[in-house]
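Think of it as A, B and C in the order they're written, each chain with its own count starting at 1.
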């Protein structure tokens, strides 16, 4: 089997003495949108943290064939993995423009960075007009779009998103997921999305994993999972 | 207490205000250095004044012993101080990043002793004079004589403040430093090496302190204890303006400078207890409005 | 909580040390050393007081030298200008300093952590100029010269021996008093406040009362120390009570071990004898200034052993005896747990 872009093998993680992941194994193929679902406290956020190095973890984590199990968050960013954390990680006191600039922090290709700003403004025209607005004054949906815009400025190969729908109205959520599909399609960004809202996640993703108390319970093609009533009832609550 | 200033003497008042602004510019600079470090690690660097003093002594050596041109020595001292600040952070502060406030306070106090004693050891306690690049004499504007030294001091401070402002708002590294100070975890996810930003913060603070020291040295005499009162006034300025606000540091410093000048001239005997006044300012502000004039009031972690 | 040394054994050790201290000047020590040890005892009084404030109730003070100044000047002025016998001035000096501490403790209630450190730092720096300013009462920068204290008991002690015993006895008495306080309900209240103010307040402890009490007591102790300092040195001046003094007290308390019983004694010994030894090392023809030695050792200590000498030794002892967790509290004579700063200390990288 060809190597996937991201491979986790028996990854364990703990907060101090409290173990959160008991052996997570999953793969994300390049070009896919993969959804990680599960209840609160199941370990979804911790899994993303394990990948980006913001929690102590053991086990095999391979990105594009390279072992990143010991990498620090700064190194992970340099490998073009962007982790958008819970709460979006908006740099609240900084302007929209500064947030976008920070997205491109690790890049050195000045000219292409300029073109990428234009691309982000194409996706989100309001950002161009309100670039000096302090980002804490943006609405939840706008902050999520800013997080995506900032992520795009990195030109990531892999985008990790933690609950993009959190706190957003249904229409806004749909818009965000539409944008996620577009980015995946046009910019060829591989995306691993952690979500509580299983419905919209399964409609958007290609593949899905369900995590329960720190390990993977069920996985499969997203459409098949969505159609499987018993799985939906037992694991996804609808 | 005679309120003699009420007997209108506009020329005198203006002159006092100007020299107050000049001294205030020095307090503002040192306060800015304090704010720089505080906003990146929630710690007060009690050694900031001693570091500035040490830098000034280095400049003195470059000028009087190695006969370097003043401007060259000035630039070299600033660069050396920046480098020194970075090294200091890496060696002494990094091992205690994240330690409780008492530990950080004690380490900076340790640095205080090392720099103070070190300066005394290397250069002894005989006071020295430090040259000023500004000409003697005064500019006369509408009958008011304003010293060139005062004007020069204000001008240099303004230039330095402008450069810092541009650095932080326009450059990539300045932005990264601000991000690292405000949101260290998110900054890491964006690839910022937060630890090195801290080191750079110390470096810049040391550089700013060196400028403050070299500006005030011609006015006071150069000796190892010269920056201690300045440090107190800088603390008062930083607290008054808001310990995390660079703008507050500047406004606070200028205010403290002018207040001290006016009080010192027009209220007899006030000059000697100006340090006690600074203490009063610090205590009162921290109790009444801990965030200072420009800061947000935020929870203090003990 | 395990007892590593039985209560009786530690008391026995204490009595032995006191006996040694009592006999030493008569048989072992020369005049100079006797005098230096007198300073150690009076410094220990101040550090015991500071230990109560910072080690037990968790309030950082960089300014207790100011309270020493109060005590010293009360004694000096009463003796020099009003003819009081110096022994009688000591309680009054203590009282005035204590009141001063209480008054400072009131606004200090609103300050915590690093802001309190800042306020007390400024207090220390402002003390000297303040004294000079009120020169009519304090004799300003000239200082006040007193007579050498001599033995009133007719036992034929030298001046150095007399002040040695005076300081030692007062130190022991005050130490026992402090011990009684810290072992009592007051001490438990202090420790509760140090560990978590919100939790302490929630369990009904009056923060205002106990915190100002701690300030008052530590200032009182400092006042006694200052008064004795005036008597032993036979001279006070505004420059004797500067920032290095206050820092020396705090550093002594930290080096000895905040929140420990024996710590202040070790700290006092360190504070008085370190400058003596550091002067012996020559650089550039002069001795190494004690500031440098203080600074280096303090920094190294913060990296390696923030609990101070005594705290660190108890940890090592605990490990040696097989008590596993370093965080386990060690009980000797109800010795409190090392301060939270120490618990949170990072390991050496």
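The rule is simple: a contact is a pair of C-beta atoms (placed from the backbone, for glycine too) under 8 Å apart; a residue touches a chain by one contact, two chains touch by 3 or more.
This is a predicted model, so every value here is computed, not measured.
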Legend entry - Overall pattern in which the protein chains touch one another (line/ring/star/complete/other): line
Inset, instruction - Give the identifier of the chain nearest to the protein's overall CA centre, each chain being represented by its own CA mean. - result: B
Inset, instruction - Return the distance between the CA-based centres of chain B and chain C, expressed in whole Å. - result: 32
Inset, instruction - Calculate how many whole Å lie between the centre of chain A and the centre of chain C, each centre taken as the average of the chain's C-alpha atoms. - result: 56
Legend entry - Distance between chain centroids, defined by C-alpha means - chain A, chain B (Å): 44
Legend entry - Of all residues in chain A, those that touch chain B in their complex: 52, 54, 72-74, 76-78, 82-83, 85, 89, 91-94, 98, 101-103, 105-106, 150, 154
Inset, instruction - Could you pull out which chain C residues touch chain B in their complex? - result: 54, 58, 60, 62, 107, 110-115, 117-119, 121-123, 125-126, 129-130, 132-133, 197, 243-244, 247, 250-251, 254, 283-284, 286, 288-299, 302-303, 306, 340-341, 344-346, 348-349
Inset, instruction - Sort out for me which residues of chain B touch chain C in the complex. - result: 42-44, 46, 92, 95-96, 98-107, 109-118, 120-122, 228-229, 232, 235-236, 239, 269, 272-276, 278-279, 282-283, 286-287, 290, 300-302
Legend entry - Interfacial residue positions of chain B with respect to chain A in the complex: 172, 175-176, 178-179, 182-183, 185-194
